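Here chain A shows up in two complexes: once beside chain B, once beside chain C.
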Partner chain A sequence: MKAITVNNIVKTYTTKKETILAVDDVSFSVEEGEIFGLIGPDGAGKTSIFRILTTLLLADSGSANILGFDVVKNFKEIRDIIGYMPGRFSLYQDLTVEENLEFFATIFNTTIEENYNLVADIYKQLEPFKTRRAGKLSGGMKQKLALSCALIHKPKILFLDEPTTGVDPVSRKELWEMLKRLKAQGITILVSTPYMDEAKLCDRIALMQKGKILQIDTPQNVVNEFGKKLYAVRSENMFPLLMDLREFPQTENCFAFGDKHHLTLKEETFDISELEKHLITRGHSNLTIKKIEPEIEDCFMQLMKAHPNDE
Partner chain B sequence: MRTLKFLLRKEFLQIFRNKLILRMIFIMPVLQLIILPFAANYEMKNILLSIVDRDHSEYSRKLINKFTSSGYFKLTNLSSSYADALNVIEEDKADLIIDIPQNFEKDLLRDSQSKIMISANAINGQTAGLAVSYSNTIIREFNNEIRTEWIQQPRLNSQPVIEITSSNWFNPRMNYKYFIVPGVLALLVTLVGFILTSLNIVKEKETGTIEQLNVSPIKKYQFILGKLIPFWILGMVVLIIGFAVSFVIYGIFPQGSFLIGFSFAGIYLIAILGFGLLTSTFAETQQQAMFIAYFFMMIFVLLGGLFAPIENMPDWAKYLTYINPVSYLIEVMRMIVLKGSGFADLAKHFGIITMFAVVLNVLAILNYKKTT
Partner chain C sequence: MKQLLTFIRKEFHHILRDTRTMMVLLGLPIVQLLIFGFAITNETRNSNIAILDNAKDEVTQKIISRMESSRYFDIDRSLTSNQQIESAFKTGKIKLAVVFQQNFQNELAHANKAQIQLIADATDPNQATTLVNYASSIIMDYQSELNQQNNLPYTINTEMRMLYNPELKGAYSSVPGVMGMILLLISTMMTSISIVREKEMGTMEILLVSPMKPMLVILSKAIPYFIVSLVNIATILLLSVFVLGMPIQGSIFLLIAVTILYLLCALSLGLLISTVTNSQLAAMLISLLGLLLPVVMLSGYAFPIANMPLPLQVISNIVPAKWYIIMVKSVMIKGMGFAGIWKESLIIIGMTFFFLFISVKRFKVRL
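What follows is the complex of A and B.
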């Protein structure tokens, strides 16, 4: 059985001024025991999908089920088997670490002791502070506690909505290691993130933009399907370089990526030294052009270009 | 049941950890009961009096004496002209001017007729009205006295006279505090039941913890009971403190039974907690909830008969008091504390407040949704 099946879900939000299409005919499925990532920028519709799947929000049309339970008809059964960690940590700030965990255990009719092994890795780091109020914890600690609280009832499926947004790099790394361990225990994980570098840590990913899924595949396949040579270009003056690269007739796409510009060309057979000569005549010094392997972000940019916005 | 127990435990943990609110719950009834009944006193004493005596006769002195010895007035100024006295009013140093004209005594003796002018500062209409009516009474008495001085009354009145004596039932000394204290008690119970409940639930919305509860198998009734029971208990605690304070400070001990009083307050609290819950389903932030709660509290208090008697209100306002649950609690509190009314006298009130409890809670539960 599939852990999660989503069929043609549509969700719109209507305000007085306009109707916003948040989720536009989205379908995907998640296998049991996999880490599935929804990757996309803010406003891609990730949170809406999470809220629909966790029975907090009703879709306009389409259907979804979790381990065979329909999110509308069988919402009661679903609430027993899922763990949800919303993007905004929601803990009781005035209760201590231990009280928070105990409370979330008891409302799911379980105890900390019963499922301690599941949260042990994470909770061990929190234990020295267990009498501290949740509101007084650091960001990373709060987040670990939130994850512990979402896990304490041993859910079959864990929903993590942007768990690494606003978290320091060390804690981010730790969190992904934890997710791997949870996966090893057989928990299916649906995770969303706006960070492209986290995509390759998922088993499969769905790239999302403006409520639509652009592509679903393993991170490796997504990269493989890029299918173009990719060059990283640098010089002394990066901004004029970007302008010149975009004006170059052979250029297909050129995006700024940190301290480099990533470039794809229209003709694969094009001799790249021609470009170098052209750029030198345009007055660029210290020029380097290097062929590189594409990353998820390159694929995402390419897909975005291929699916122009409806606006 | 087990889940409810844990919800309640969590709620009490939070309440007891919120030291400020907890202190307020104890300090509020004590302070309000000490301050409000003294401040909200309708009896007028110390009306500031300015007198313009142009006559300086025996009669004018007698009249002035009558005013100053009545206990209602405090002579603050003697002016030689009306204009001077008016200045004193403008400076807010007097509320009332008594202008005794020249030849006051002479006219009275010669023509059996004389005139006095009373001018009141009517910025506060209530003070002005009372001051004038007190003055009228004093002048009438003065008038009667000089009449008896002149005329030897016949043994039997030539005209039939009805003599009026009045006695004040249930509050024989017309102690204003007896009237205001039960009302303040009702107000305190409302504050705790209504405002604290709605703020508490909206706080869970604001911090997002309600989402966590919504994805859990907690049932709607468990969540709602988990919120209502702690504040019901707090409301009752405040009422007990309130009764204790009013006994210690004012010696007010209910004439009627505590059992009936607390039963009524218990049902009333269920109604007002339901209203708090209903408010919280509309508000998204504590600020909104506070504003809505404040709006209703103002109406509840002003149309509740705490300060202004409902009997004095125009008809349309009277109808509004019928849908104001606070007015019933204030009335019942007064009936039990002052009059010692029993259940039979209050059956109508019990019926109405039970209806409020049912309707408000049903509305709140219908409007509370785990899914949006």
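What follows is the complex of A and C.
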């Protein structure tokens, strides 16, 4: 059986002024024991999908089921078997770390002792602060506590909505390692993130934009399908460089990418040294042009270009 | 069951850790009662009044000596003319002036009619009315005695009776009012705010995605505030008996039973508010404007219902506090039993079920 099946889900929000299409005919499925990532910027519709799957929202049309339970008809059964960590920190800020965990253990009909081994890795880091109020924890600590609380009842499927947003790089790494270990225990994980670099840590990913899924595949296949040579270009003056690169007739796409500009060309056979000469005549110094392997973000940018109607 | 207990304990953590709110919750009834019962009281004692006796005969002397012996007035007899009255008012020396007409006794004896003018300083209208009432009731007393002795219809007999509270004690009207107001405020506002807070903080999202039944969530929200309200009832009753000197005439158990009934009504109203609002601010505004105002204005606590225009009189019927205040007055002041208040009890019970029915219908198991 599939852990999660989503068929043609559509969700709109109606305000007085306008109707917003948040989820636009989305279908995907998640295998049991898989880490499935919804990757996309803010407003891509990730949270809406999470809320529909966790039975908190009703879709306008389409259907979805969790381990065979329909999200509308069998919402009570689903609430027993899933763990959910909302995107916003949603614990009691005026309760201590320990009280929060105890509270969530109890309302899920279990105890901390019973499932301690599940949360032990994370909770050990929190234990020195267990008498501290949750509101006084750092961002990373808060997310670790929230994850512990979502896990304490040993859910079959874990829904993590942007668990690493607002978390320092070290804690992000720790959280992802934690997810790997949970996967090893047989827990299916649906996770969303706006960080493209986290995509490769998932088994499979769905790239989302404006309520639509652009592509579903393993991170490796997504990268393989890029199918173009990709160059990283940098020089002393990055902003004029971007302008010049975009004006260059052979340029197909050029995006600012951290401290480099990523560039694809219209003709694969084009001699890249021509570009170097051109840029030097434009007065760029310390110029480096290097061929690189594409990353998920490059693929995402390419896919977004391929769906201009969604812009 | 364990879920419920843990949840209730969690709610108490919320209440107890927010010291400022807790102080308000427990201190508010005390402050309110003392302010309304003591400081802002309609009861006036030892007010300075002046008497201009233009007759100086036997009857006027008798009336004056009666006023003198009452503890409401300190009398200044030194006035001899109307001009002096005016200056006495202007300097604020007196609050009330009693003016006897000339030949008072003669007029009374022969024309069966005599006039006393009561002039009050109406810069404080409440106090003025009260003083005029005091004075005229003393005069009426004397007059009715006179009529009994002589079997003659001296003057027009205006009957003024102050049933149950002949001394117009402030506490008699403020205690039931404060009870009606405080209980509604704490139970309704705090319950609705604490439920809405879970929505606002996002914790409702997790609670909904848990096996815990929504009704259980709500029950565990209501119970702590129920207990806080019971503490408040105890302080209010103790204060009113021992500090304000207002005895409980009827059965204290009946009074408590009636109060618990009203509490349940207030809690279910809070629940109803929480199902229609999504922010703590909205819940508070609805509670304050939608409840506190009608309670103060329409429950008969501040203004007598009989004096209101008809539409407001009709609207006052849907204010639960109106019925509760009637019950408290009946039991606490008039000493009536259940037979005297069964109708009001039924109305409160009916309202409670109505609020509960709507809230259960409206409660969302989703966002």
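Here is the rule we use: the second predicted complex is superposed on the first by the 308 of 311 C-alpha atoms of A that agree within 3 Å, B and C clash if a C-alpha of one lies under 4 Å from a C-alpha of the other, contacts with A are read in each partner's own complex, and residues count from 1 in each chain.
Methods note: a contact is a pair of C-beta atoms (placed from the backbone, for glycine too) under 8 Å apart; a residue touches a chain by one contact, two chains touch by 3 or more.
Keep in mind the model is a prediction, meaning the values are calculated, not measured.
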Overlay on chain A: chain C relative to chain B, clash or fit: clash
Touching partner for A:F108 - first (chain B), second (chain C), both, neither: both
First (chain B), second (chain C), both or neither touched by A:G45: neither
First (chain B), second (chain C), both or neither touched by A:T54: both
Footprint overlap on chain A, comparing chain B with chain C: 54-58, 75-76, 79-80, 82, 84, 86, 88-95, 99, 103-104, 106-109, 149
Complex interface listing, chain C residues touching chain A: 2-3, 6-7, 10, 13-14, 17-18, 201-203, 205-212, 365-367
Complex interface listing, chain A residues touching chain C: 51, 54-58, 75-76, 79-80, 82, 84, 86, 88-95, 99, 102-104, 106-109, 149-150
Chain A residues within the chain B interface of the complex: 54-58, 75-76, 79-80, 82, 84, 86, 88-95, 99, 103-104, 106-109, 149
Residues of chain B defined as touching chain A within the complex: 2-3, 6-7, 10, 13-14, 17-18, 207-218, 370-372
